[in-house]
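To keep things simple, chains are lettered A, B, C and D as they appear, and every chain counts its residues starting from 1.
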């Protein structure tokens, strides 16, 4: 039996579905999909998905682990909730997409250069620093997330917008040096740390 | 009507010098007229919005909102939590529903909160400001305070996503919610009937990471408003507001359009109609000046 | 209604659609005394609003004619129209039932000559045509209406139209003083055949039934085919009266969906397959039909109908729950957006007309039954000992096609007979 | 019929009749031409006073034939319903004034039309008598149920509950049928989440405890003769002993067998022991009695594939063209056997359309998904054994790729094949007077037309009618359960209850000599004049219900209780020796003869229209309601069925100077609409022979036309009449005017 054939045979085991059910946020719901496709048709970024949600669910059932987890697709979710609102089977698709993206990222399988992956991570990093988002720092880190030269270009292109925002007092350069934050950042840190710890304990050892 | 008090969750973008600070200004003015007292949740934190997932994952993300709820329960027991930001409202409300729906999750969340000395029961209603206006006041009541009807302005009610789905405003449909139109009418302005992009997505947070794809969506939203004869767009969501207002230059450059469509918050319309000044209505925070509103406010 | 004779050997049948008529007739033709009540002014129910049945493509009026003849010929059946059950109490073999009869304002003297209809002026949405056409304030519900007797719309009472109707009648058949009547009867068993109603398409917001003229329901589509229906039997679309040659059928519009009806309504796949033949009937090779579906449920022997439709080159099938409909403002064409899940293909398809295959909802909401019966999550009455001698027939019991509804009605007639025979002491 | 005929003719002036026609003239015609004994006009015949006037004449004047000259026979039936008299109707409203223009020019022809209808109605009363019913029928409250499966047991229990005695004949040694080999059944009550007990044991105990039900095990039927109310059935045991019992009606619940999966080598059935059918899987589960299911080589099952639509919904040679309806839910049920025992067992259902209809079906599907059963939209091409397990090769229709999965066990959803006995259209009949037992037959009927129920399609003995699922072609014998149509147990239970209902109704009606559906309650039945019969067999062959047998001399033997009173035999008889009391060669023939035929040069042709009373006649009525006009030259006579039209009526009409004859019947062919099965078709065939008659009279063939008319043909039916009028205008009047 060729490797290829062996792979095809192996993938139709249900293992990946079980992995998703165990480890992905709201992953239990994947099995409830009936392949109507209303989610795929409802997505505002639909045309940019290599594999729309309903197809991802089928791929999960078909055990296409690599293809799913390294996919660019779920990073296309804009969190518009159209899919959830319309899904006839009550699947929390937005959350499953977020869950898959997060899981893929944790496993290191998500595409490294995926811009939303980078942005989303920076957003998180930004907010946990002080407990509140620092829009300026987030913006700056965003501009430079593709490297220094790219960042300068992006920043230059966005400069008029930044200036406009500052003029409208909706962006302050002072934010870069301090800005808003929670007072009890120690408590918040402890909470997040604990939460992360609980979650880590739950993750099965599928990361191979 | 007597004073109404709510436990208030302003959210990051409403802070001073943040992207929706003008929203907050107008909300304050509006509340002043309606005799609403907003009690800010002490030491609230970011909800992580809908983009925090990549770094945050499930439980840490829920813990963020749970912490806010816990703080609110402590400080403002018996009050509903009110948010003005769609993402804040959604993240908090989702957290509440998940915690109530899933005992194990509630337990884990409290385990995490305990590390910060907190405990959550998720016993307060989580409401968007628009819900408060419609349900606790009603259009008739809101209309009573109008001093300067917004006559002669045609406004497209852009509801967007997260104030609309998955929860939405009671009695409204996901596909064609009419509350902004009704509000616009209440204030004396003219709504754009059948504004067909009223619930289309603006790209949300992906406006940053996928600007071209998002701006294509935003272009349709603005174009459709122009098609409907709108002179202005009104929205209940800071992300919608920023995305639709801020990228018009980029869109004009790319698509050779000549968009210059003011995008305001419902609270700004209300503040002006209630007789507040342009500054009180946060109109100085517009990137694209809402001239017609300024004119009315200036009268 | 003082002349109604009913005893605890009488069977009450509630609902005069095909299930109720069947249950009543099967029992009556077995020698049992039956009271058949119908809320509307004539019997026939939903099937009288259909153009053809699947899979035979025969006309429901044919069976209707036979059933009406059976009623006319059978003295064991007492038919009361415009009548509803107000209250029920008691137990198997001995129920006290209060009936409420709304005034028809037209007596048995009516010869259906039609003079009153011509005399009155006000027009109302025609119930028979699901509001697609108009009817007068004095009207015969439809061609096949039985009793063949006119009825006055209650809203014309007290208006000049009422007087006009009365004056036009040569047979003293109009009684404007008629009042609602209440009748108490005793019966031994009750057959509940209250049927179904089409799911309210306004609730299916992504499809814009409330916003787009050229999005209609499957039941309305049936009315377009009626030669005496709102379009004179032509497939014309509502917005501009243009011939609708390219028609989309959306399956599970309101069914199999937690947002609407959770259950599968069973009939809609076959109904749409049938309706594709209407397109062919009207436009031959110029007509085009597209069915958007999740699963085609052409169950049992009649799967061959599906195979035949599939073989028609002008009918296409797309496995997809349509995500949303937008209207192309220039042409008035509804544009369907979605993804064909067989191989992932995104579409934005314009059609002349969209037909929503709307689901089947029980007519009586579970909280509205006059006596406690076991109703399942989907709103249908279940067979349960606890129901005593109250038996569901037809679509009150499940989402059923006509054939199965009649089967169910026939079965319910036996269940009722078992009770009244027991009362009569026949069983020992 | 010794009583004197006394005809009352009552002419209504209401609904505009009085204004549009000269009713005094009509009264005169009734009296003078048609010889009515009492003739009365009334301004409003259907009101209480008018009805009383008629009733008084019946009570006091001895009127026993009533001709109501008013509206259509379909209207005002409540008012014009008089007991113990024969009633006819002259359709002056829908048939005359509503289809004619109210103009001075039309007045004369409208009047003529009305006069003819009055003549015809009065004449018809002369040739009909009140049917008395068959006095020799019996009341036999005893039901035979053939088959001891769920359908049969249900029918028996339900009929017994209504007070009837029942005998069940079961071929095998035990009750239970196919369901007895099942472990559990698809749920029949909310929440439709889990498989439930089959209920078979409960049914069996109920039968054992019921003294109204007797059971014949290891028995078959070796002969069925008689008719409803008096079936005589030979019940023969395996050992060969036979008893004969009498029954009032029969329910045939002979069930199904599973499609033979060995005809499908591509699925590995027969090659690997671990490829089983659904029935075999259920048997395995029953045997395991809750213990984990093992492969045939004794290993624990870790993965199962369910392949749907195996050999079904397929036009391949030898496959079943239909869907068996239950298999999707059955596979879900069976996958639950595994999942409920051990959620780690992989169960995948490979389907093309998942069919779980109705209130419970979708709940059950969701429950299956919740339990972790996976569903793959795919088409399986092959199952092969490979390395100790089975490889299922298929095309994944969603991911659009050819792929495969390895499993321990494959379950094939093969279809239901009806146990319908012999196909009477393919098996030669016994010679009259002889009877041989056919071992393949279920009922072994000694009917002239064959030993079993006629099959409708794909071997199922179903009704052809949507509105009337129990409209059987053998009166008093009702097929139920999967022999009638593929179905699951819940439907079979409902169906069997319905069949039991029809069977007891047949018993009650037979006892009173009443017809079964669709002419239910009709007491008339064919009277036959043996001395005139030429033993041509047309009536015995053409009877749609197999009601007529042949004796050894090949004379027809009528079985009244089997008869559905359609009159096909009457139409078939070349020597006109068959008639009904109220519907005969004369009752129609004399009507058409009394029509006034104007002189050829009057330019007033006459057209005879014979219209099926179920479809064409109502269509003409509704045309009238819509004021659709048609020719004043037509005279319409409703007939029970086009099959009852005797050629002599056509010949008589042509001979007496009619210029054209139009026959309007139901749709024929595969989707026939005729409730007497082939009436319309037979009429078409018979009329094709009318050409000879036309030729011998030197008449143009266009003068006779036959049409299929639907009840909705409100424009078309009048159009057909008008076309004939135009044709006559073109080809000229008939020369046969007297």
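One rule holds for everything that comes next: a contact is a pair of C-beta atoms (placed from the backbone, for glycine too) under 8 Å apart; a residue touches a chain by one contact, two chains touch by 3 or more.
Bear in mind the structure is a predicted one, so any value in this text is a computation, not a measurement.
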Practice task
Moving only from a chain to one it touches, give the least number of moves from chain B to chain C.
Solution key: 1
Fill in the blank from the handout: Of A-B and A-C, the pair joined by more C-beta contact pairs is A-B
Exercise for the section: Give the identifier of the chain nearest to the protein's overall CA centre, each chain being represented by its own CA mean. Expected result: C
Problem - Gap in Å, rounded to a whole number, between the CA centres of chain D and chain C - result: 23
Practice task
Could you please state the distance in Å, as a whole number, between where the Cα atoms of chain A are centred and where those of chain C are centred?
Solution key: 49
Problem - Distance between the centres, which are taken as Cα means, of chain D and chain B, whole angstrom - result: 65
Problem - Residues of chain A whose C-beta touches two or more other chains - result: 34-35, 54-55, 82, 85-86, 89
Exercise for the section: Give me the residues of chain B that touch two or more other chains. Expected result: 174
Problem - Junction residues of chain C, two or more chains touched - result: 206, 256, 319, 324, 341, 344
Handout entry: Interchain pairs in contact, sorted by label
Key = A-B, A-C, A-D, B-C, C-D
Problem - Residues of chain A that touch chain D when the two form their complex - result: 8-9, 11-14, 17, 31-32, 34-35, 54-55, 58-59, 61-62, 89
Fill in the blank from the handout: In the complex, chain A touches chain C at residues 34-38, 40-42, 46-47, 51-52, 54-55, 82, 85-90
Completion exercise
Note: in the complex, chain B contacts chain A through residues 12-13, 15-22, 43-46, 48-60, 62-64, 67, 108-109, 111-118, 161-162, 164-166, 174, 200-201, 203-206, 208-210, 213-214, 217, 246-247, 249-250, 284-287
Problem - Complex interface listing, chain C residues touching chain A - result: 206, 252, 256-259, 294, 319-324, 337-341, 344, 346
Problem - chain D to chain A touching residues, read off their complex - result: 303, 346, 348, 354, 365-366, 369-370, 372-377, 391, 396, 398-399, 403-406
